[in-house]
Structure formats: C-alpha cells, structure tokens
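As written, the chain order gives the labels A, B and C, with residue 1 at the start of each chain.
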Amino acid sequence: MLNNEFEKAFSLLKSNSPLVHHITNYVTAHICADMTLAIGASPVMADAIEEVEEMVSMSSSLVINIGTLNERTVKSMIKAGKKANECGTPVILDPVGAGATTFRYETTKKLIEEIDFAIIKGNLSEIKTIAGLSTKSRGVDSIDMDSNSHNIARELAKKLNCVIVITGQEDIVSDGETTLVLKNGTPLLGSITGTGCMSASLIGSFVGVGLSPLTSASLAILTMCISGEIAARRLSNDSGSKSFKTYLIDAVYNMEYDTISKEMNVEYV
Amino acid sequence: MLNNEFEKAFSLLKSNSPLVHHITNYVTAHICADMTLAIGASPVMADAIEEVEEMVSMSSSLVINIGTLNERTVKSMIKAGKKANECGTPVILDPVGAGATTFRYETTKKLIEEIDFAIIKGNLSEIKTIAGLSTKSRGVDSIDMDSNSHNIARELAKKLNCVIVITGQEDIVSDGETTLVLKNGTPLLGSITGTGCMSASLIGSFVGVGLSPLTSASLAILTMCISGEIAARRLSNDSGSKSFKTYLIDAVYNMEYDTISKEMNVEYV
Amino acid sequence: MLNNEFEKAFSLLKSNSPLVHHITNYVTAHICADMTLAIGASPVMADAIEEVEEMVSMSSSLVINIGTLNERTVKSMIKAGKKANECGTPVILDPVGAGATTFRYETTKKLIEEIDFAIIKGNLSEIKTIAGLSTKSRGVDSIDMDSNSHNIARELAKKLNCVIVITGQEDIVSDGETTLVLKNGTPLLGSITGTGCMSASLIGSFVGVGLSPLTSASLAILTMCISGEIAARRLSNDSGSKSFKTYLIDAVYNMEYDTISKEMNVEYV
C-alpha cells in the first residue's frame, strides 16, 4: 500500500529539495542538518522570535524539538508553530524527555494545546507521558517496556488527530486507523547521539514534498533503520560507534527506493 | 602573483597558530573549530557580552556569522566588531541568509554600518542582498544565478572598501581592483553542512597571520575547494556525504603549498 | 593499586549506564554526548534554570563546562551544582579558559565558592589561574609550561578538598595525597576540538558508577589517551585529524580493562 508513495518520494526530494525549518537543540543541530542534506532536502535552523514566522512561511515543514529548550526558544516554537498552522505547513514534534522534568512536561502540554501537529514522534516514555499514562524514563531515554504500545499509539493518534510514532526496538507508526510495526534496525542506533532527532528531520523532509504524514513517518523510520543495517555491515573489527554514525549518513545519502522496498520488514496490526 | 604569499602562509600558520575568535551559530560551531585546528590555527568561540571585548583583544582575527543569530548575540557581535576595529584586528562577516528574513537583513545592515569588515563572504543571494539588488534565496541557500557576479563583487568591494567573496559553483574574490574567479571544487561541497562557515574560519586563519584580505580569502577558498577534490577522490562506492566531510577536514589537515600551487585553477577577470 | 577498581569500572558502566548531566558549551556538546554513549553511560544536556534541579536529581553525576558560558547558563550551573551537592551527586568542573577573560575568571571563582566539586579538570593555565598563580594562556589554550605542575595539583587538591587534574603532554591527577603522572597519549589529541571536554564526560561517566574521584579521573584520562594511541595507529597516509577523531571514539567504544591494564604508563610522584 505504501510502496506506490515510497517510489516517488526519493525523486521528489531530489527535484524539490524542500526547506525544513528546525527549532531544535544545540546538541544534535549539526547532525540533523547533515541528515536533512543527505536525504536531499534543505535544512534551516532559526530560533529567534524576530524571524521564525517569516522563516516558517517560506518552509515546507517545521520540526520542533525540545532537547535543550529554554524560555526564549519555547516562545519561538509556539510562534512558529501557530504560523505554520496558518500556512498549512506540516509541523512535527519531537518531545525529547517530555516526562523527565516538569518544565519539559508543561512545555510539551502547551505546545500540543497551541499547535496542531501533523506528526508526534517520541520514545515510549515520551508518548506515554503525552497520553497521560504513567511511565519510566531516565534523562531523555525511555526505560519503559509496554507490550501494548500499538494501542497507545492508535488511541493517541485518534485523540490528537495526528500521526503518532513510537520509536524503540520495533517502531510503531499510527494515524489512528492504520497502524504499522516497523521491524528493521540495529542496536547500534542506540549507541549514537541524535538517532531520534535525525528521524524527525527525515520525517520533515518527506512530509515537505507533500507525502501524507503516515507515509512520511513510515518512510523516514524505514530509511533510518535500513540505513542503520547497511552501516552496521560496513563496520570492521576496530570500528565503533562513531564510524557507524558516519556510515549511517552515507547510507541515507545513497538510499534508493529499491533498497527500501527490498529490505523493509513491516507488519500491519 | 599570489603564489609568493601562498608559499609562506602554511608555515606561518604552523609557527604562529593565530587565535581566531568566532561569534557564530550553534549548528556549525564544532566543525568550524575542527577546521580551524586542521589548518593550524586556534579557534575560540565566545559570545557573552561580558567577555567579547577582552577575547577579541587577544585574538588575531574575528569571524562573525549570523547563522543562528538572536538579540543577545547580535549585541555581542557589534561590541566585538567595534573593539576589533579599534585594535586593528581584521573582521570577517558571514551574512548567513541575509535576505531570508527581515531580522537577518536588518542585522546585516547594522553590522556593516557599525563595523569595518576586512572581508565579507556569502553566496550570491547574500551578497546581492547587501548590494541592494533583488535576488532569490530559500532559507539560507542561494537559488540565484547571475552571469554578472564578478561585477557585483567588484562594485560592492569598492563601495564597502573591503574584500568581497561570492561562493558558488565558481567562486569570486575581489578587492575592487583585482578580481579572481576560482574554479576548483566539487558539487559534494554542497551536500554537507557548514561549507560556507568553514570557509570563513579558513579566511580568519589566513588573515590572522597577517596575509592581505585578498590573499587570505583566495587561499582559503582554494584550500577548501582543492581539499574537496581530494576528499571526493577518496570516496568508495558505499561512501557518501559524511565520509566526504571527514575526508575534507583530513585533506585540509594535510594541505601543503605545493598541492595548492599544482591544483589551483584561477582566472583573473 | 588502581587496577582493582579499574577492572570493575567497565562492567559497571555497561550494566548501570549512569545518567551524566552536562551543562556545557554548544561547540562540543554533540561530541561529548557521543563520547558518553561510547563508554556506556547516558548523556543528558539540559541548561534551563526551570529544570536543572530536577534533572540533576535523577542523575549520577554533573559536568559543568564554561566553554561558551553566558549570564543565563551561569545561573543554571550554580543552581544545578548546589542541588547536586545536596543530593550527594559528584560534580566535575571544566573551567575552560578560566584565565582568558575577567568573566570566565569571576565565574570560575564563584562556582568554586558556591559548589563543592569532586573533580576539577583543566589545562595548566586554567589550574594555575584557580590556584592564584600567574600564568599564560591564549584563548582557551594553555601556553604555560611548569615543571612544578604536580606540586600545583597536590596543593590545590588539598586546599579545595577535591581531585585536581592537569591535562597536558603528561597528565597529572592528585587528590592531595596520591599524585599520579599519566604518560600515555599522542599529539593528535591536541589537533581536534573537544579533547578536554570529552575527558570531563568520561570522568562524569566513571564517577557516576560510584568509583572514587581519584580513580575516575585517572581512568578517564587513561581511556582517552590510550584510545588516542589506538586511533593514531589506524591512520593511513591520507588520513588526518577528522579521521583520528572518528577512530578515537571508536576506540573508546571498544575499550576494555585488559587494554588499559596492558598499555597504561603511570608514575606515582
């Protein structure tokens, strides 16, 4: 079902090179910009309140990531998100560590109240926090396990009327009606900084060429996970996590529809 | 003509290791620091208003980059730039996305009014914005083409009494009298984050050992573009944009005068 | 003497994955997060005053780095440090460029007055600045040489009742009673950005599993320096500083007690 849309995605990216506006953290901003370029889109990072409305007006999508939020940038996120809604520009939320501190929790709540998100992507702990369920996290990492995660994704997607992505050993994508379990990947993706943030950049890139939120999220996660598998196979004995990261972006840079189509391991639930 | 100055540049860098003060964006700060070290200079990133004057007083050059500007850092840029002018320390401007938003436009204008720049380096869209010409950009990237770009560089250099660099498929460097077209490079330089920012760091490094602004800008661009060519040749079939980036900095780290001299493709216009 | 503690450190890290809270600069935040993951710990970067107390309360250690300090983040450092002291959570100070500007000097002084640090790690110039001795620096780099450095470390450790680390060609670690000179390493560690910052992240990781500050600091420095030696041996002719950086983190990712034990070159003075 998704394959038809996947096929055109990569050529659309190369020809349109959509502008993906990020309001994001200073830890992974660089690697997210690299990842956005690798898939064929064009990143811009701008978080000054004076300019976010203008910048998002010319962008094809907006990625909001609260990784190193502060009072100043939260205001810019809200302003940019509202403007994006006005323009019909899809907005992605990456609620990094949503349950870790009160400030992150309150900010996430406020963002969801004020902005209509097309896609919210988080680990299980972040998504359960948003769903109002009790959960366990440590810092910005989830240490929660829940066999019920596709139901959580489906229900939250219905409630918020958006696509929900839960990343983990298996990744869940749901728009409330269709729910997919994506089974590609490698544990090495957990050994580097920014895997989640880069996934959000890929979602922003795909949704920026006009693919549906469900297709965009699924294809972004598949691109990330299959690229991870390819990168893992390139590692030699003395290689480690940083070589893996280099190879991961290399693999995204070289990714084609045929590879996705051949390698993807998806289950509808 | 430039060759004599080029010859001594690399040895001066190794022996003097000039301090290059950056007030720059959080997306490319890390790679700019790596690049500055690779060429043999010493980077310092400091943007607190309380310390920029002291920091620039002990520096050999100042690089101002508005990539992720905000109200706080713009104040620091102006304060540091004025102090640098007082000290006779050369200042480089990288007006990232100058035409993209009103805030960037107004900031660029104010910086140019308040500070005497030795070198302004931008893509065609950024430089045309400064020159008061109509142009097209998307985010921080130029999508303008103009066969007239060396005249634009020459006229703006005369008007602002500084060296103008226009980066693109071919790069233009002009001090208003001498104008060079630099024809080295590879399209891969457009597939990574921070090519422009790193070029400004190289300019700051060369001008920091006392080379003229024209020589510094030309040599920095040549170093970047020829290193890009060397990096591209190292790529294997499964390599991509991130391996290219690693090899690019490796090539700068290993760059010698003889390589520049042999590989450079320069036309005076 | 240290070997017994070293042996258990690596397995403790893999099983406990301690959360290392960083309040740090935007230049090296990404590579510090990568390094923390490479050794087996879990990084979190959070500097908003609204959340640092909560974040540090769930963390195993706190790393404070003043690399790109500003008024806002200095307040967060103090608040987080005091809370960590209340919780009995070890705090590491990386006083980047402590002597370079008045703002850095005053901030360092204030941090040491208000917070009890378990470990302070700096280059010779930074440590001499803290000790009230005259010194020479350029930007954030030391250009001081002092044959008396182990006495400086020992005396300052006694005075501040913490472990002092002086990094340089040889590294000194002292708790005021035991003083070690660590002789591993490679000059290439000076050719990349963030060597010092990454060392502090490793210290935070080891102290986060409950090793003593002296053991943690020694083991972190040894891990860094021996990984540097391994990385240097992987370099081919056309490799340079950026490949070295990749290999450095790879080597940390693969580091085992046996390698440390076999390669370490330590003298007690």
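Everything that follows uses one rule, which is that contacts are C-beta pairs under 8 Å (C-beta built on N, C-alpha and C of every residue); 3 or more make two chains touch, one makes a residue touch a chain.
These numbers were taken from a predicted model, which means no experiment stands behind them.
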Chain copies touching (chain B, chain C) - same or different residues, decided at half shared: different
Chain A onto chain B, rotation angle from CA fit, given as a multiple of 5 degrees: 120
Centroid distance [mean C-alpha coordinates] between chain C and chain B, Å: 32
Set of chain A residues in contact with two or more other chains: 26, 30, 245-246
Chain C residues touching chain B - in the complex, by the definition given at the top: 25-28, 30-31, 67-71, 97, 100-104, 138-141, 191-194, 238-243, 245-246
Parts of chain B lying in touch with chain C, wherever the complex brings them together: 19, 21, 26, 29-30, 33-34, 37-38, 42-48, 50-51, 54-55, 58-59, 72, 230, 234, 245-254
